[in-house]
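Below is one structure. I have some questions about it.
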């Protein structure tokens, strides 16, 4: 059972590594994009500080949204997904493995880079810990919820927009509680509340999303 | 009482958008047999093989494995089959050895043996996009040398393979059936295998011109 | 299963309800009456609300848009649950009719949501000074529109009707889990919009002269929604069952008359 | 000559349409993403107004950056690029056609949607005209510059990061002058200066980028 | 003076990362001739054909077209050739007709004729991902029926094509050479064409095991 999880986790990580050629690349990408933000918005640190948590969360969102459809699409095209579907084992485990790999190349690097991005965007000192904590939990939710949308649209060949239409509404609570965690910390309020909600959402997503995605794959890839 | 075949297909039909793909199909394959599915392009051979792997659901008819409909013994059935489709599930960005390793049930040794069985020894660490078309197909075929599956479903396995490779593969099939396995394959080429059985896939009258 | 349906009449009812043909014939009998009721309620409510109800002290005549805004908002929300429940029934009991209801509920719900947003935006200009604010209720309504559009788009994206039904049912269900979360989170996030005044637990905080026509409009919208849902579903039934004998007979009869 | 341009323009537009299933879809995508920005950053219109031009420009940047590598990659994989390379005609024309198609599905919809995004992000009234004008010119530059980077990396199979590294520095001036145009207009200054510079950059890009991209394709796709 | 061939290849060599792919190749093809390139998987047939199309540059040797090295008459040469590779340049998201239309030099009629020539009439408006493997390949092959190119380079054109399709294609090649064209093709199958000439591609001694 669990071996399906780790096999697919390792395989997808290897594939991501081969494609990008460099394990550190998503990190570098986020750092580069963040250098452009002060250019486009404002170089004043006071104003940057106000929007920093929001900007980092929007980046997490876009990075997930624009990469999540590849989670099953490549496998669908080259026939690997079909092999996965006709394996006798539980489908949810490999799906969870693939989702974990996706998180490790989008959400995790962003979480790790976020203190640096915080410095670049003049985030106040008390915001760092809640930002890292909320990103760690929240980006996990984003990948998991996204996997359901990706599974629903994998056989459609017009993925892109439909996928974003499907998952965007579901991402909303994550964004709200995520940036609220950081904002409350900056404003000097307790931030354990929104963080706990994020944690609960992550737990629920881990339990439900792989099952929903596996069911969706079985339904939609039949044609 | 008639003999119980390993795999029996009874009046199998498939519909896409309310159009039948092929005329109802009946056949039985037993241990030690190789069954070639014949038919012109677009007659539904790939569709039939995918039905047999449960990737598609038949609209009517039954697939019976060792006496039981496969819907009732899904786990055993899926554990016993191997499917190799048009799309070979070879990842271009991985090397030949890596591609096999994560499909392997044995260890790294079996990977190396399988690659040398398809005459790719020395290419273990070449990314697959640097291989020729036939070499890529051989990587996919290497799975045949590292599986315990009893029933093989092969969709045009000889695509892009040279003459020597074809006879190598024919040997491999012969040995598999000698060990008590069975094979259902589709191909447009003539095979040099004794006792090859054939069944044909006839496009349904519903289907448009061709 | 046969003894079960003999034992309990409720099961028989359930299975008969699952038959598209039964549904088509029964709703065919109800439809004229329902349409009449919807038309009467809507026209009465509109005339009463627009012409006779008193002006609002602060907002003047612009408040009258409430007679469209509130019923549309109500039905937009209720419609999502109707759609999701229909989808769930389809997934669990593999009932074709249920999927057809779900498929029909999506465009109606989306249209009502759009109407709520549109009337709200038009109303926002005189009251809030802009067409658009990022208020909790408003934002969640926009998200609801996206959810509807997603279900619709997913449904029609599949060639195979069956896959489309199942996929959009899954999505509708995932959405249902999220709707309370969305409401909670958005409420908690930022509120400017009118809090709910119509509550079942306490008396409305609105003047009765304004409130009574609103109630009529809401009832009228419910009837109208049902009529629309029936019409859409009947069209879908005819389309799906066009090869069956009873539909062919129906078409023959129609042709002869 | 010019027929190579229009043939490829039409083909790529058709492909984009088929993949997304709906010609309006990039528009809807931008509108959806913008609904999440107030949620992540701030719902207050005064603060939103300040960052609106920058946010819209960052969206243009990310949308281009994350989609530009597909401009040649799909054709490379299915053999169409090879057919293009061995055609006797000038390569720059089809390349320009493909770039124009890319712009029409990323830059143009964003430009068209920008007034609506402006309303959603409470952009002050005097900002609309300069925003649309600068986006129309600037997103053209982004697509053209990106096409050179995409051509340089097409055969590498690890596109993503390398491509962003190559083009990001070249994008900086576009972002700077683009958001400066809008900002000056909002602050009540003349905005024709930065807009004129953007226009000059676009003209230079149209003249040079297709040639550079064509040359890059010939060099890199040989192996 | 020896007769001037349409295409002459002299001592052609190719290196990848300082490793020769095949032994130097010499051959000449004239109008009216079909040349089959033979060789086992990975021997360099695809590489050779891509050299002939100028997609790759030879490390030494010359390709001479109608008496001139192709580097000197690039435009005429490229206008006169047609190449059909392993990757068939068929876009899965477009319909069969659309795929052909934008490659077509003639009008829409020629598209329809070409599709019926490969027995795909009626499939004009089906997206290619809904076609079978052989049907997809036929879409690519339809280009042969709507081109004026004199020299055809075909890399395993018979992949996934059924028997009837193969003989249809053989006919098409025969007619092309009868009209004064020439063909260089690679295939692992045996062709039923009179006067078929063969040349072989021998993997260079540098190449690893195989």
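Letters are used for the chains, namely A, B, C, D and E, taken in the order the chains are written, and counting of residues starts over at 1 for each.
Going forward, a residue touches a chain if its C-beta (ideal position, glycine included) is under 8 Å from a C-beta of that chain, and two chains touch if they have at least 3 such contacts.
All of these numbers come straight from a predicted model, not from anything done at the bench.
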item: Two chains sharing the most contacts, counting C-beta pairs only; value: A-D
item: Most widely separated chain from chain A, with each centre as the mean of CA atoms; value: E
item: Whole-Å gap between the CA centroids of chain B and chain D; value: 46
item: Chain B and chain C: spacing of chain centres that average the CA atoms, whole Å; value: 50
item: For chain A paired with chain D, centre-to-centre distance based on mean C-alpha positions, whole Å; value: 24
item: Distance between chain centroids, defined by C-alpha means - chain A, chain C (Å); value: 33
item: Chain A residues counted as touching two or more neighbouring chains; value: 18-19, 156-158, 162, 165, 168, 172, 176, 222-223
item: Residue numbers of chain B (touch at least two other chains); value: 16, 86, 92-93
item: Chain C, residues touching no fewer than two other chains; value: 143, 146, 157, 159-160, 189
item: Contact set on chain A toward chain C in their complex; value: 148, 152-153, 155-156, 158, 162, 165-166, 168-170, 172-173, 176-177, 180, 201, 208, 212, 215-216, 219-220, 222-223
item: Residues of chain E touching chain D in the complex; value: 16, 50, 53-57, 74-79, 81, 83, 85-94, 98, 102-103, 127
item: Residue ranges of chain E touching chain B (in the complex, touch as defined); value: 39-42, 46, 86, 119-123, 131-135, 138, 156, 159-166, 188-189, 208-210
item: Touching residues (chain side chain D, partner chain A) in the complex; value: 18-22, 25-26, 28-29, 32-33, 35-37, 39-42, 47, 50-51, 53-55, 57-58, 61-62, 65-66, 156-162, 164-165, 168, 171-172, 175-176, 178-179
item: List of chain C residues in touch with chain B within their complex; value: 159-160, 243
